[in-house]
Amino acid sequence: MECGEPVEQVALRPGMSVDELVRLLGRAGAYNGGALSRGADIYEKMVRDRETVKFFGLAGAMVPAGMCGIVSDLMERGHIDVLVSTGANLTHDIIEAIGCSHYHGSAACSDVELRHDEINRIYDVFLPNSAFIKFEEFMQDVFSSLDTDRTFSIMELLGEIGRHLDSGILACAAKNDLPVFCPALADSMIGLQYWLFAQTARVTVDAFLDMKALIDICFAAEKAGALIVGGGVPKNFILQSMLVTPKGFDYAVQLTGDRPDLGGLSGATLDEARSWGKVCEEAQTVTVYGDATITLPLLVASVLERLDS
Amino acid sequence: MECGEPVEQVALRPGMSVDELVRLLGRAGAYNGGALSRGADIYEKMVRDRETVKFFGLAGAMVPAGMCGIVSDLMERGHIDVLVSTGANLTHDIIEAIGCSHYHGSAACSDVELRHDEINRIYDVFLPNSAFIKFEEFMQDVFSSLDTDRTFSIMELLGEIGRHLDSGILACAAKNDLPVFCPALADSMIGLQYWLFAQTARVTVDAFLDMKALIDICFAAEKAGALIVGGGVPKNFILQSMLVTPKGFDYAVQLTGDRPDLGGLSGATLDEARSWGKVCEEAQTVTVYGDATITLPLLVASVLERLDS
Amino acid sequence: MECGEPVEQVALRPGMSVDELVRLLGRAGAYNGGALSRGADIYEKMVRDRETVKFFGLAGAMVPAGMCGIVSDLMERGHIDVLVSTGANLTHDIIEAIGCSHYHGSAACSDVELRHDEINRIYDVFLPNSAFIKFEEFMQDVFSSLDTDRTFSIMELLGEIGRHLDSGILACAAKNDLPVFCPALADSMIGLQYWLFAQTARVTVDAFLDMKALIDICFAAEKAGALIVGGGVPKNFILQSMLVTPKGFDYAVQLTGDRPDLGGLSGATLDEARSWGKVCEEAQTVTVYGDATITLPLLVASVLERLDS
Amino acid sequence: MECGEPVEQVALRPGMSVDELVRLLGRAGAYNGGALSRGADIYEKMVRDRETVKFFGLAGAMVPAGMCGIVSDLMERGHIDVLVSTGANLTHDIIEAIGCSHYHGSAACSDVELRHDEINRIYDVFLPNSAFIKFEEFMQDVFSSLDTDRTFSIMELLGEIGRHLDSGILACAAKNDLPVFCPALADSMIGLQYWLFAQTARVTVDAFLDMKALIDICFAAEKAGALIVGGGVPKNFILQSMLVTPKGFDYAVQLTGDRPDLGGLSGATLDEARSWGKVCEEAQTVTVYGDATITLPLLVASVLERLDS
């Protein structure tokens, strides 16, 4: 066993840029600070690599926490080719896009009082019920505009929704013709709105149709890379799709708050993914443990600064 | 503010039963030990309450860790009316049911070597690739037997699979005519097998059809209770379905390794669910933080002992 | 790489004993359930091994949570030769021993109201200020009885306190003539009481004197084993003492809620301790991640049952 | 209940400064990103408040991870009046100050091989044994220079060490005449060196003498604030010292990876500290959950930028 570079004690400079800080964390090199810096190095290589198809996995309640802006910005800049999201993030993206807001709240409060005041809580974020009334109107309008008697994939359905919006993730994806996958869409407020609509509708949404589209992308990819926020369905759906191809992911960076010892996929290391072949043997990967409301902005701001200079 | 009962120092008795231990944890009453004991009290009430429809949410890699036996046992005893699972757990359930095994392994190993030896790793559990060959044969057989030119719900598809099996969760559900929901089925090896099958098939699986079935159950329920292992899609899909009814869950026990401060649903408290109306204002709820491979057997063994006496 | 034993699906038996359950977790063998079972196997061997000096490390707020009963029981049965504790656990042990109680409380409450009601909170445990008034009387009595003009070690001071008590950890240690170490005693209510006493006293307590006593025990030990609850000072003080001997620990079981990736010792694996030589190369060790109010009673009850049969 | 400000979606600007980023996290306002931003606001007020005595608590293996530079920088700038540390951090500070280095390593390695190669591991940081040989020489030199036949406090002992060094935390504290407290000094390599020295020495170090010095500071303080990294002894020793005064802390920011539900002090909220009176009723406090190798540089760089402009 050999020692690597010496740990450099961090010397902060007032007014330093985010990338300067992230590079200092890299020269210190330890624990999750070091991992974050290695994550920025890998993500920089990945977005600079023109042969690489770029996947982005979005789990956790990221949109209510203001992270939607980062995702749509990465799309606009061409750094996301394929987005896989939970239904909840897309629900909250629509809520913001139709002009409603999430609000600063508190985790130390009476949820019964909140219930009486018609406010829904997501940890320390508050969301008034009124947003869901507007959301229902919007969703029913979109669904009513769908061609009847045909079968949609979930990706197509999300594309339709995006085309009715002017801002946010779904709008940005639609505008740039980027596929958004969400295998568990039924498990969201969008799903509940669809259930309402489906009581009288003649539209079919196929549960598996998107797999072909996604796997075709995987087959066509020279190389593949993924930035994965949280775990859940998006992480697995991205990684498993490569399983049926002869390839694996060449780059993968995961930002998660879960730990591996519980056995769940959300906290599983990307090394584990190597045993399955989801990730190449020689892939560059790193997992950063922590809250993505800190690690995602830090990592992306650092890499955008590098790309910009 | 008032103090409750005094904390009793735990006095272990060699040979004591599991429920004796759990009751001692309740008299000590603190932290997650106390929460586990309150969870057992709530779960006991819930399963004894004949008016209550009993939901079970299964997330995390529980079947590879031997927890499948507990779920099918609870089904056999009539303590589960509705199961919502991740696709991964159902995949591993099928693998066990067709005669393959998961194996004791190690988390400290070379995943590249494992890859060469055709062994897939789930933290410290090993699963040889050979299991997936047998799995493919089985799944293609099942899918080939499906009626063509019709539309299935995911629940119906899982029912078909269960009827081809003799043991495990899906078999037990099929035998007892219990619905199994899995909104993100595409996100699993079952999904990948379906993609393979679908290249030549004429069967449609509807992504949203199950919502009607589940919501009908919710509307019909006098009262409702849930035991939720992990978070993810199963937790939300169970809780959200009550949103469109005038009711909320009356009992809810969650066993999770996630924490609330990251904002994600998996670690969200059941109090938060009260603000949304997913859980009744006066519902009895508790969250136990920890590894469900410890907390689930402990909680269930304790309650089975109470029911048996 | 080779697969080990097959994972056995857990089959619970209503009324089963705790050790039956722990053995089932071992046959399932995965994640922290598997680790707990291996921990019980190691701890059983350790306590049965007559050549082994048995250390116990006690960190975290374990006494307010009712875990004091387990520690004193292990002492009475001869399974602890050396205890290393935080000052807080010894403070709360004294509080219980002088007839005061900790109480069931709640973590969701107003701490300002608690302050007004003179109740101190430890997560969901409440402790009225009145206990500290009685504690002060007791401690000043004990300190006043000390020989003046001499130098005590912390272990001697704790021995004096224990001889004034009838129940609990310190009393039990004193009765059985077992050393209790607490290097950070100043960092506790006992320390604050000593500060009060020291304003007029002529007694010296040496900060380092105990090291000789502890290291002498390490040198004299044929073999050494440790059960470590939490991390902190007790974990390190136990492990570091072996560093100056030619030996390392032969058995070590750690129950902790911390994770390794943050770099801190409390979450560090016992493998890491091998690189330092604190733990033997061939030592039997395991770390169980989780809340010790669940894992400690489970592990000890399981091992006591084995020893009893 | 009322909603606060709307959550603003984060809009990153390539090349933005660290404080710009932290302020964006504040306008997003959610989870630990929001908490970090509030922490910067509180810490800014605290360091700008000339009436406030500023405490810094240093736990976790922060120096091997390069965080020593931040602490000594804060000291030089006058933002730390009192430092409370673990013994391990001071050991590693001395190691760096005498010209040895910690090195980038890996957590996925054989600790037995590391042992053979005489390398000690701290998660993914490597430290060769040779550093401890030089450390021993240095420490024995310092101890040999101590006045015999007198009693030192731990703070005085650390002051002596600092005066023999040119860089790092202890040197900087000595140069600026700042007190460094370390109640558990025996629990460290410094302690082991003292044990070696003490086999022939006639110097006494009093375990409790520092309490008077620290409590005198607390009594004299107009107002008090604390930045607490990790938990452990430093957190409690800082907070408990205020207990014997009529005051409590006015500002407190904690950066920790532990969670409250395990009951331990390291993860305890600062609200809990309000019930004890360690923190004022109206104090401004926040806890940021995460790895301090990320949160500490981010928070301090943000505040230094504000102070500089």
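Points to keep in mind about this one:
In this document, chain identifiers A, B, C and D correspond to the written order of the chains, with residue numbering beginning at 1 in each.
Throughout what follows, contacts are C-beta pairs under 8 Å (C-beta built on N, C-alpha and C of every residue); 3 or more make two chains touch, one makes a residue touch a chain.
Being a predicted model, the structure only gives us computed values, none of them experimental.
A rotation of 180 degrees, rounded to a multiple of 5, brings the CA atoms of chain B into register with those of chain C. Ranked by distance of CA centroids from chain A, the top chain is C. Where chain A touches chain B, the two copies mostly use the same residue numbers: shared numbers make up over half of all numbers in play.
If you average the CA atoms of chain A and of chain D, the two centres end up 35 Å from each other. Centroid to centroid, with C-alpha atoms defining each point, chain C and chain D lie 25 Å apart. Counting partner chains per residue, chain A shows two or more touched chains at residues 30-32, 64-65, 108, 114, 119, 122-125, 259, 261-263, 271, 289, 291, 293.
Considering their complex, residues 1-19, 21, 24-25, 27-34, 36, 64-70, 73, 96, 101-105, 108-110, 113-114, 117, 119, 122-126, 128, 271, 289-291, 293-295, 297-298, 300-301, 304-305, 307-309 of chain D touch chain A. Of all the residues in chain D, the ones that touch chain B in their complex are 30-32, 35, 108, 259, 261-263, 289. Looking at the complex, you find that chain B touches chain A at residues 59-62, 64-65, 88, 107, 111-112, 114-115, 119-125, 151, 154, 183-189, 191-192, 194-196, 198-199, 204-208, 210-212, 215, 230, 232-233, 236-237, 240, 243-244, 257-268, 271-277, 281, 291-293.
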